[in-house]
Structure formats: C-alpha cells, structure tokens
C-alpha cells in the first residue's frame, strides 16, 4: 500500500526526524547551508554525475522554473494535454516563461509517443516569425494516469525532437514510483535517455514540501538562481527543504516508501 | 535575547511541536485543512475583525503577491529606496505585477514621512498616459533600519496618499518587533491606521517558513488565490504553514519570543 | 475583384489623399487631433451608438490589446484553433495578457458553433484555483477560411458563454467582407448580437496600416490607453492613422472597395 | 528653422513622395519588400558597416525592443532619471523586458558622466541573487535637455561599464540633431565609440511614423524578429516604414531637415 504518495498524508518519520535535527542550532541562509550541500552531493551520487540542484517547495514551482529556464517567451512547450503543466497549474508555466505557449498533445494513458510529437513539430514552421517556436518537450514520469516511460521510449522521444533542437523535461512528481516500477536506475531514465532537466518530486513521496529541479547540463542552469529568487522560491531557511531531502534520500528511503522489500 | 528573529536560527519549540502534531494523520490539501482554517480564525481574533488570509513560505512571495493584487502593470509602488521590495527581492515585485515600477524615496532610518510621499505624488501626473500611475505605498514595520511607525505616523501617510487613491501596504517581516516596541495592538498599527494589506512575517520570528498576507478588505483579495497558485505558492500540504502559524499565534507565543515577560 | 483585401497591395486613393491632406500643417499629438476625433465620431455613427475607439497600426496589436483589456493573466481565451490570435501572432496575446491561455477549439471553416464552446466550458471548472478560468470567446468575422457568422449565430454563441460570464471579442480583420457578404449593418453583427469588443480592420481593406479597437461598453475600455502606450502603439502623429480611417469611412469607401455597386 | 523636429508637424515632402511611390503596385509583406531591403543597405552605408535593422513606428517600441533584447527580466538598465525610457514610456521597458528594473541616475542637462555610472555599479553586487543585475546603460543622444555626447564621452561611459559587462544603448530619437551639432559621422558616435544598439529616430525628424533599431553585433539581434512580431510591431505593409526611411536617408535629407546649408 502506497499511502504516502499522497498530498493528504503527512511526512514520513525519517523526514520529520531530519527536519527536527536540522532545526537545532544555526545555519547559513538561502541554501548556503550544510543540508543543502549534502543533498546536492546525494543527488550527484544518485544520478551518477554532477548535477545542478535547485530546491523548492512545490511541484508547480519546480516545473515552471525548469520550463522558464529553457523556453523563451515566444517558445512553445509540447506535452500531453492532461499533463500537470498544461492542465493543473493555473497557467504557472505561462507566468514564469513570460507567456510561452503550452501545446497539449493526445496520447493514451497520458503518455506521448514519438509520432504524435513529430507530427506536431511538422506543423510548426521553423523560423517563422508569425508562430511560436517549439523549444521543449515535457513528459511526466510516471504519467498522470500512472503509466511509465521506459528508457527506450524516452530515447525515442528525444530522437523525435533532436532535429528541431528541443530540450527534454521530465516532470517527476511521481519519479519514485517510476523508478520502482521500471527497476531502472535514476540515471537510466533521465540523462542517459536524453532528459535535460528533471523535476524530482518529494512532496508526494514522504516529504512535507520538497521538490528539486535537477539540471544535467550546468549551462542550462545559469538563470535558475535569479528566476527562483525572483519568484519568491528561495527560502531563507533553505535547510528546511534540504533536510527533507536528506531524510528521503538517505538509505534509499524514498524508494522504501514504495517497496519496503527493496529497502537496505 | 532575541536570537530567533533571524534567518539563521531554526524554528521555536512550539512551532516544531505544532508541525509534528499536524503531521499525524490525513488532511485536506491546498489550504482546505483544519490548521489553515484555525489560523484564519486566529488572525481574525488578533486583528479584531474579519480578514482574508493567504499563507505562503517566503516574505518575497507575500510582499509580491500583496503588491500584484493592488497594482496594475502600469502602476507605481512608492516605498523607501532601501525597502526590501525595492532592494532585496531581485525584482520579484516587478515579476509578479507584470512590470510595475518601484519608486524608491529617501528617509532617515529607512522611514518615510508624508511630505516626501506627497512631493513625489505631486511630480507624477494623474491620468497621464505617458507615465506610470502611483497606486500603492509600501512601508516596512519595523523598517529595515529597525525604526517603527506609530499609529499616528501611519495615519498621516495614509492622508498623504488618499487624494490620489493609493492603497497602503505594510511589509511586516518584523511585525512582531513593531508590536512589541510600540505597545500597540496589531489592529491599531494596521487597518485602524489605514493599512489595506499586511505581510505578516513568521519566518524571522520563530517559524521555519511561514508568512501570511492579511487583506483587510475582502474586495482586495479576490485575485489572490489565482495569483498564489500561479506563482507556485499554494502548497499541497498547506497545513505545513498553518501549523507553524498555529504554533506562533497560540498563547501569544509570537510575542513571547521577543518579550518573555509579557507571555501568558 | 477584391484585390485590396490584401497585405500586398498599397493603400487606396482616398486613403492616400486623406493622409496627404492630414500632413499639411500642425496637429496635436498622441491621438488628441481632429482626425482622430472625427474618426471616433464616424465610428459612433457607423455603429449607431457611443463607442470607445483606439487606433493602432497592426491587427496583432488590436487583437492583443482587446484581449488584454478583458482577460486576466490566469484567464483563458476560447477561439478556433486556426484563429489568428491562436496561430499567427507569435504569442502576442500571451505577451499582452501576461500569460493567459489561448484554448483552440475545432470547427468547420474555422467557424465555431455553440455546442463546441459549451462543451469546452463544461470541462473548465469554475472557480477552481488549479485551472485557468475562461473569460473571453474570440471569433473571427469573416473567419480565416472566409465564412461569416450571422447575427443569430453570434447571438447563440453569446448565449453559450453568458452563464459563465465570458466576454465576446470579434476579430474583424476582414470585417468589411463580412458586412458586405451578410448585407447586415455593422451594429447588427456586433453589439446588437452580443459582441463586447471588435478589432475593426483597415489594413486588409485599403489602408496602409490602420486598425481600430472598438469597445462598446466604456467600462471595458478604461485600461486601454495605458496598455496601448505601454506597448508602444500610441503614435505621436496619431493623425496618421486617423486620416487613413477617415479616408476609409467617408462615403462608405471601406465597403465600396468590396462591392462598388453598393456605393453611395 | 527646424520646425520638423516635432511631433506636431507632418512628414516632409520627400517622405510623402516616397510613401506615395511605394504605394503603387504590390510588394511582399512583413518587411520582405524592396523598400525595407534598400533601407537596410542605406543604413549599412551610413554606419560604414554591416548592421541589423528593425523598423517600427514608435520610439517607445524601438527603445523597448532594444532593451528587451539585451536585458534579462532580472536585469537593470542604468539611465538618466529623466531619460525617455525611465520617465515617458509608461513602463514600456518593464513590459517588454518582463520586469527589468530601470535605475535613474542624476546628471546635469539629462547627461550622464562616468563617475556617476561607476558609483551606481559599485553599489550593485555582482552575482548577488537578491538584487537585480546591471546589464545595460542607456544614454540619449541628443539628451532630453538638448545636450550631446562627444565620441570621447561615449567611450568613457563604455569604459565605465565594460568591467561589469553592460551593453550600451543609445536612444537616438534626436540622433539627427546630434550628428549635425557634433559634426561627427554616425559611426563615430555609435559603434566606434562603443554603442551596441541604437534607436534611430525618424518621427521627430521628418517622418510620419518611422523608427529603426540598429544593432551593430548580429548576435545581439537574434531575438528581435520574434520580439517585434510578438509586440504587434511587424507591419504587414512594412514598406510603409521602409519608404519613409528611404525618403529620409536619400540625399542626406534627414540632415538637410536640420541644416539646409549642408545639403547635397
């Protein structure tokens, strides 16, 4: 029973303990604290490479910041028409990007296939000044309907967008579920398959309010500190989020919450 | 010793206990929970009137949402040039308002006086389409330099802006300090003196990450739910913030943190 | 032969003569000139009522300003998915509105029918903070495929949106063609049928660069002067546009360009 | 007598003749016409180098597009506090940039000196995430008070901003006056002295409505086509503006309007 993948439940015990521990004493503000630094190292270890990590408190913020960093105001984001970024964030991606267009595509189980993406791209004229320009594909892992993308499926989507130079974003609000269901490593279903930036969800998986934007190419991350601060998402006591992730990531707890039999 | 009025410290014990208590069991999401409802009632009691309350996690978000709800994109916000909204939020007010202008004014101790405000208003032509239109005055209580505004001083500022129809916002990141220093009730230094909207700070006063936008006229609050959601500041587990405020407001704990002798 | 309804052709002779005449001597700037005033009176006469008129140089500006005045950043605009505002303006409506969502709907001949609009509205939850809120329906008269809406068809669309309070915008880039084809008065296919704001096109019908936003309820027009200026669309020599419209509207020249047999 | 440098006057005879000539026959739309191409060549000749040219109808549009192409939403523009971009465009730069901050500086005769710029820069912390980042200096040539910057003065300002990497924009609404007064070539007071982008004014100097953004480094121009279209400033009958500039630039007419004795 996966009752913790739920907004209604509270935080798991290790998360609460980590927060309580982080609360003792003093720490540097605005993410320059030891908890945040450790979490960055934990994510690097988890993804088997250097990554740039930006912690925020909501999935809407994580997704919108990720999109805004990679899409210009006259850009378009392709995604499933039931994707969270298209349907459930009250236009937050449009707000953060300065008015980019979210183009919803069809697909069974909220899942996109390369042909649909390629067909849409063929209908968008490259370089035409009268139309928004496709700049990013966003997929949800696991999808809003609970399906998962295999590494091969992700790579095929990347192939479909490469000729037009789109970036690939993964909304991983339920990333833990996908990793558990696929039996793959986090690296295999992200950067190794072509994902450029990942919204790594904690809130639906045992945290109180903790989401991480994981950027695999540092060049894609240069705008993030300014965009996050400017959106009011740079917490003064940033260790609040750091501690939650430390609680989640330590001892593979974030996966234990799903499949206790696989726990260390 | 007021060591908790500091971003570097953790949360106070009652706040942590309230959070831990809120963590047990289940609750409705997105602010529709019992903690948030109780906090709304506590704020109404504290301010001796009905208020609309919007909880967020950072002062930048609270200030920017307050400003955006009351200022149009072609509006201007008058404030001290060292005010947090002018100098320390990386242009967040401009982002949230859609590009309004923040007009910094001089004043000793980061404090504004009516004459300076009136002079500035006299230089801004009412109705002129070529210039932004002054729509809001924002003051900080206590100021960035630690000074406070008395009820009479606030009322005098309100008089200075009334002829031009500006709203009055109070950045209360250190509101507790002001209440304690002035020996006034929260009502006396807000709506009774002419304040339309208040950013009530918790983070610098014992909370982990908890700020409240307090709107005194419900008509000024109609846009807030959409603006907050769209900015990624509507937490799914909203009771996280609610519980912090419940811990702060219960038994006048938020004031005890400053002056233990006055505690119940 | 309707060769003037074309971006490729130049301006018609009466338009050129009016511009040349306006060029002599001096005039007040920024739309406070006699030509603009006369055009406002001509539009009032044409539409058989008081109207607020805002002259600009492009259809994209006219449409985007109209939409921005009636839709909030978290609003949604319903329109045909091939409508100019959805497909050919490079996201200008998103830019001017501060990130509202353009929702494209299907329909033969680029024409919308009430059932499709009502179905879409039924899928958008009123008051739900997680979704953008439908606030405006935009139809094109004549449509991008050359079809026209009869007064009854427009009224039926208005009926479909009334329960949810949406405004009705008409993109009249080819309004002259519609008036000529329908044999209706301009009033009959606009405000009498429920249209709140009209983009009245001149550029595709004999003008050099002249479009008018016609607002039927003055309350809907209060933001327009600021929005227009702020977008760089308030021409210092505004009589340039005024004169073009004077040339077009005098002696029903704008309709003569289409059907010479009906000219006075 | 320089009566044409005025919004109140009409267009000069050569401009009107050029517009009338352009009106005959047909032409490609949206700036892909022979007039626009010829004007691009004329500007290249005038500035003695390749330039990217973007024609629009208002100075507010020219300035705002120039700024938006070079400044990020969290950037700051330094300029004189009475500069047109700061004081007379109703926040258009904020709108086009997505909320950048316009920082007004003092200076006699609306003119900036390097020390004032350097002092301001010293007060803005490089890389600090809590503050907007200075990214562009905008000067007006001739200034709003009628003073001019010599090539040496412009170069000295460029030296003041180079260490922080700011770009240099020149608002040339009255560029003709400056060229005439200084007796310098257009190149000497722009790119040769360090100007990156110029708003070349036509409207106050004999045109009806014609302004050109002149970008000296093509890399700075890549966003412009999209930004211009998206703002509604890409005229379908772009030859309208092209013809005005052809009338102005041919035979040095734009300078003749000021000093007839220097005419060819």
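Per-chain numbering from 1; labels A, B, C and D assigned in written order.
Quick note on the criterion: contacts are C-beta pairs under 8 Å (C-beta built on N, C-alpha and C of every residue); 3 or more make two chains touch, one makes a residue touch a chain.
All values reported here derive from a predicted model rather than from experimental measurement.
**Student:** Name whichever of B-C and A-C has more C-beta pairs touching across its two chains.
**Tutor:** Comparing A-C with B-C, the pair joined by more C-beta contacts is A-C.
**Student:** For the copies subunit A and subunit B, give the interface type as same if over half of its residue numbers appear on both sides, and as different if under half do.
**Tutor:** Same: most residue numbers at the subunit A-subunit B interface appear in both copies.
**Student:** Counting in whole Å, what is the centre-to-centre distance of subunit B and subunit C, each centre being its mean C-alpha position?
**Tutor:** 42
**Student:** With chain centres defined as C-alpha means, what is the inter-centre distance between subunit A and subunit B in Å?
**Tutor:** 31
**Student:** Among the residues of subunit A, which are close enough to touch at least two other chains?
**Tutor:** Subunit A, residues with two or more chain partners: 30, 73-74, 89-91, 95, 98, 129-130, 226, 229-230, 234.
**Student:** Between the chains shown, work out who touches whom and classify the graph as line, ring, star, complete or other.
**Tutor:** Chain contacts: complete, every pair touches.
**Student:** Spell out the part of subunit B that touches subunit D in their complex, as residue ranges.
**Tutor:** Residue list for subunit B touching subunit D: 73-74, 87-91, 94-95, 97-102, 129-132.
**Student:** For a test of understanding, state which residues of subunit B touch subunit A in their complex under the given definition.
**Tutor:** Listed in rising order, the residues of subunit B that touch subunit A are 6-11, 16, 19-20, 22-30, 56-62, 64-65, 89-92, 95-96, 203-204, 208-209, 226, 229-237, 240.
**Student:** Looking at the complex, which residues from subunit A come into contact with subunit D?
**Tutor:** Within the complex, subunit A touches subunit D at residues 30, 72-74, 98, 129-130, 133, 223, 225-230, 234.
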